[in-house]
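Labels for the chains are A, B, C, D, E and F, by order of writing; each one numbers its residues from 1.
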Amino acid sequence: MKATACRKTHFNAAHRLMNPAWDDNRNKEIFGVCSNPNYHGHNYDLIIKVTGDIDPATGYVMDMKLLKELTDKHVIQKFDHKNLNLDVDEFRQLNPTAENIAMIIWNILRKEIDHKFSLSVVLYETERNFVEYTGK
Amino acid sequence: MKATACRKTHFNAAHRLMNPAWDDNRNKEIFGVCSNPNYHGHNYDLIIKVTGDIDPATGYVMDMKLLKELTDKHVIQKFDHKNLNLDVDEFRQLNPTAENIAMIIWNILRKEIDHKFSLSVVLYETERNFVEYTGK
Amino acid sequence: MKATACRKTHFNAAHRLMNPAWDDNRNKEIFGVCSNPNYHGHNYDLIIKVTGDIDPATGYVMDMKLLKELTDKHVIQKFDHKNLNLDVDEFRQLNPTAENIAMIIWNILRKEIDHKFSLSVVLYETERNFVEYTGK
Amino acid sequence: MKATACRKTHFNAAHRLMNPAWDDNRNKEIFGVCSNPNYHGHNYDLIIKVTGDIDPATGYVMDMKLLKELTDKHVIQKFDHKNLNLDVDEFRQLNPTAENIAMIIWNILRKEIDHKFSLSVVLYETERNFVEYTGK
Amino acid sequence: MKATACRKTHFNAAHRLMNPAWDDNRNKEIFGVCSNPNYHGHNYDLIIKVTGDIDPATGYVMDMKLLKELTDKHVIQKFDHKNLNLDVDEFRQLNPTAENIAMIIWNILRKEIDHKFSLSVVLYETERNFVEYTGK
Amino acid sequence: MKATACRKTHFNAAHRLMNPAWDDNRNKEIFGVCSNPNYHGHNYDLIIKVTGDIDPATGYVMDMKLLKELTDKHVIQKFDHKNLNLDVDEFRQLNPTAENIAMIIWNILRKEIDHKFSLSVVLYETERNFVEYTGK
C-alpha cells in the first residue's frame, strides 16, 4: 500500500536570470525584465513529495516532522532571505530559473531521503509560474 | 479520449494519532503534539479524481453531481463533524493519519465507482500537509 | 534532465451544457441547472503544463513568455468574455463541459508547441470542479 | 461585546454589462469586452458580514446556519446558474456590475436580517475585482 | 502617518459547541452537528491586526517578529493541537464559538501589546465561516 | 449609494530592510535576515480600494480598467522586477518596509485619482505579512 506524502514550505529570495557566458544585452534579450542587473525577487512556495509504502506501525509514509526538518536544514536555511545568484554556491555558474532551482533542491534532498522512497519537487516562483522536477 | 475529472469537497473532524499497541509515552514520543489524549482537529480538504473516457453523449467522464452524491453519502456523512478515533469504525484499530484516512476513503469509493474508471484520492490535512493514494 | 513547466492563466465565459441531439427536457434531466437556456458562466482557471529537457543555455524547459503568448493568442482571445456555445466555433456541435473544453484547448495548443515537449491541460471550472486532459 | 460574523458562499452566473439607454456601440465603447451581446460569466464569491452583540447563551452573533439558509433562499436560488440580465428581475433595467449586484443583495438581505445587526456585502466578481457595499 | 500591520498564523484544535447550562438534547437542537459529544475540529487561521504610527526609525508599525513571538507564546502554544473545551481554561465555562475564541485571543493579546496601538483579531474557523473582534 | 471597488494586482521585487543612518551591525540586529546585504525578494500582492458613489450611468464606482491602467502606469512599471532600494527613487533614503511601500503607493495614486473618492492601499509582502494604509 503506497501513498505520496507532501509537505509545503516556502522561502523568499532575490535572483537575476542570466547566462554568465552571455553579455548584458544578450541576457536582456532572452530574459527581459527577469535579467534586471540589480535583481528582483519572489516568495517561492516549495512542495516536497515522497512516495513509498505506508508504515503499518506509524501509518506514515515518512514522518512529516522529519521531512520538514530535512527541508529546513538543507534547503530553507540555504535559500531563505538570500540572493540566489550571490549567496548560494550552486547558482554561481547556474542560472537560477525555477527549473534549475527545483533540480538543485531535488539533488540536495535526494541525498538525505532513503532511496526506498521516490522523490518529487514542485516549486512555485509565482502562483502563475511553477515547475515540477522528478529526477527522471 | 481520456480525461481526469476531479471533485473537491471537505469535512471537519477531530482525531488523535496513536498506535493502540503502544502506551501513551511511546505514542507521545513518536507522534508528539498530534497524540494529545484529548484530541485536536482539522478542516480536511478532499479531492476525488476519476479517470476514464469522455462519454460522447454527455461530454462527461462521470457526472460530477453523481460523484458528489457518492462522496457525500459514503464519506462526508461518515466523517464530517466527527471524532475519527471514536466515531468512525474503520479507525478504532487504525491510526487516523492522513495516509490511512486517504486509503480508507479510496477503499470506500472504489466499491461505489465503476471499475472502468481509475480512482485517486488526495487529502489535505492542512494546506501544508497532504497525501495522495491511488491504490497501487 | 527533464522538468515540467506550468503556466496558469484564466478566462471568463458563459456556457450552457446541452446535447444538441436532445430536446430541452432531456437536457434539463441530464444537466440540471447547468442547462439553463439563458446560460450561466464561470471564471475558468487554466494551467498549461509542458514537459521536456531543461535547455542548458537558458535553464528553461520552454520560455514561459512564449508559452503565455501562445496561450493568449490561440486560447484566451478566443474564449475570454465569450459565450462558448455561441461565439466559439468548436462548441457549436460539441457540449462545452470542462472535459471537452480542456480537450479543445489541448488540441489547439498541441499544434503550436514543439512535439519534443509533452503537453497537459488542467482546467478549473470552479475551485471544486476541475479536469485534466493529456491527449492519452 | 460586539463582533462581526462572516459567511462566504458563491454562485455562478452569466451577465452582460450594458446601459439599456445606450446603443450597442456606446455600450461597447464604455464596457468593452464585458458588453459582449452573447454574455460572458463568472464564479461569484459572496461574503455576508453581520455585526452585533455576541449572544451570551449561544456565543454567536447570529447562527451561521440561519445566515446560510437566508442567503441560500433569497440570493443563491435567485442568482445561481442564471443569466443575471435575463433571469433576475432586478437587473432588467439595472446594469449587473459588481457594485449593483452587491447593492441588490444587500437590499434583499437587509429585509431578512434583524435591524439590531449591521450588514455588509462583499462580492468578488473575480479574485482580482471585488466590491463592498454597506448601505451607507 | 498611521498604518495597520497584519500577521497571519494558524492553529489546529478540537472543540464542541455547547452551553454547559443546557442538556445534550438542547445543545444538539441549537448547535446541531457542531455539538457532537466526541468533538470535531478545525484548522483555524488567525490574523492579528495592529494599527498605529509608522516608526520613522524602523519603517514598522510594530516589529512583525515581535508580534509573531507574542502570538506564538500567548495564543498558539495555548491553543494549537489542543481540545479547546478540555485543555484551555478559558473555555471550561465559555462556549468555544469562533466569536468567543476571537474575543479570548483579543483579551489575551490586549494585555501584551502597547495601548498606543489599536488591536483587531480575525479568526477563520473554516474558509467559509470567520469572525472579527475589535474590542468595541 | 456608496460602494468600495477593489482591484488586486501584483509585482515581484528585491529589497533589503535597512536604516541608512545605521551601520550593518545595527541593521542586522534590528532587521535580522531581512537586512541581508545582497537583498532578498517577494511576490507583492497589491489591492487598491476606491470608495465613492455608484455612478447611475455606468453602475461603476470607477471604471476598473482605468484603475488598472493608472496602477500599471504609475506603480507596477516602477516597482515590478526591480530592486526597490536601488531602482526606485522613493526608497533611496526610505526603508522599503511593507508599511512604507504602501504609503508611497498611496501617495502616488492619491495624485491620480479624483478626490471625490477615498483611497486605501493593502499590500501583502507575503500571505502571512500584510499592511493597510489609508492616509489617515
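As a working rule, contacts are C-beta pairs under 8 Å (C-beta built on N, C-alpha and C of every residue); 3 or more make two chains touch, one makes a residue touch a chain.
Everything numeric here is computed off the predicted structure, so don't read it as measured data.
Shared contacts of subunit C and subunit E, meaning chains that touch the two of them, come down to B, D.
The minimal number of chain-to-chain contact steps leading from subunit A to subunit D is 2. Ranking all chains by how far their C-alpha centres lie from the centre of subunit F, first place goes to B. Comparing the centres of all chains, each the average of its CA atoms, the largest separation from subunit E belongs to C. Repeating the E-F interface, with the same residue numbers in over half of the contact pairs, is the pair B-C out of C-D, B-E or B-C.
Interface subunit C/subunit D: over half of the residue numbers present appear on both copies, so the contact uses mostly the same residues. Mean C-alpha position of subunit D lies 28 Å from that of subunit E. Chain centres here are Cα means. That of subunit B falls 34 Å from that of subunit D.
Multi-chain contact residues of subunit A (touching two or more other chains): 127. The list of touching chain pairs reads A-B, A-C, A-F, B-C, B-E, C-D, D-E, D-F, E-F. Of all the residues in subunit E, the ones that touch subunit F in their complex are 1-9, 54, 57-61, 63-65. Residue ranges on subunit B touching subunit E, taken from their complex, read 10, 12-15, 33-34, 36, 38-43, 80-83, 86-87, 126-127.
Listing the residues of subunit F that touch subunit E in their complex gives 17, 19, 30-32, 94-100, 102-103, 127-134, 136.
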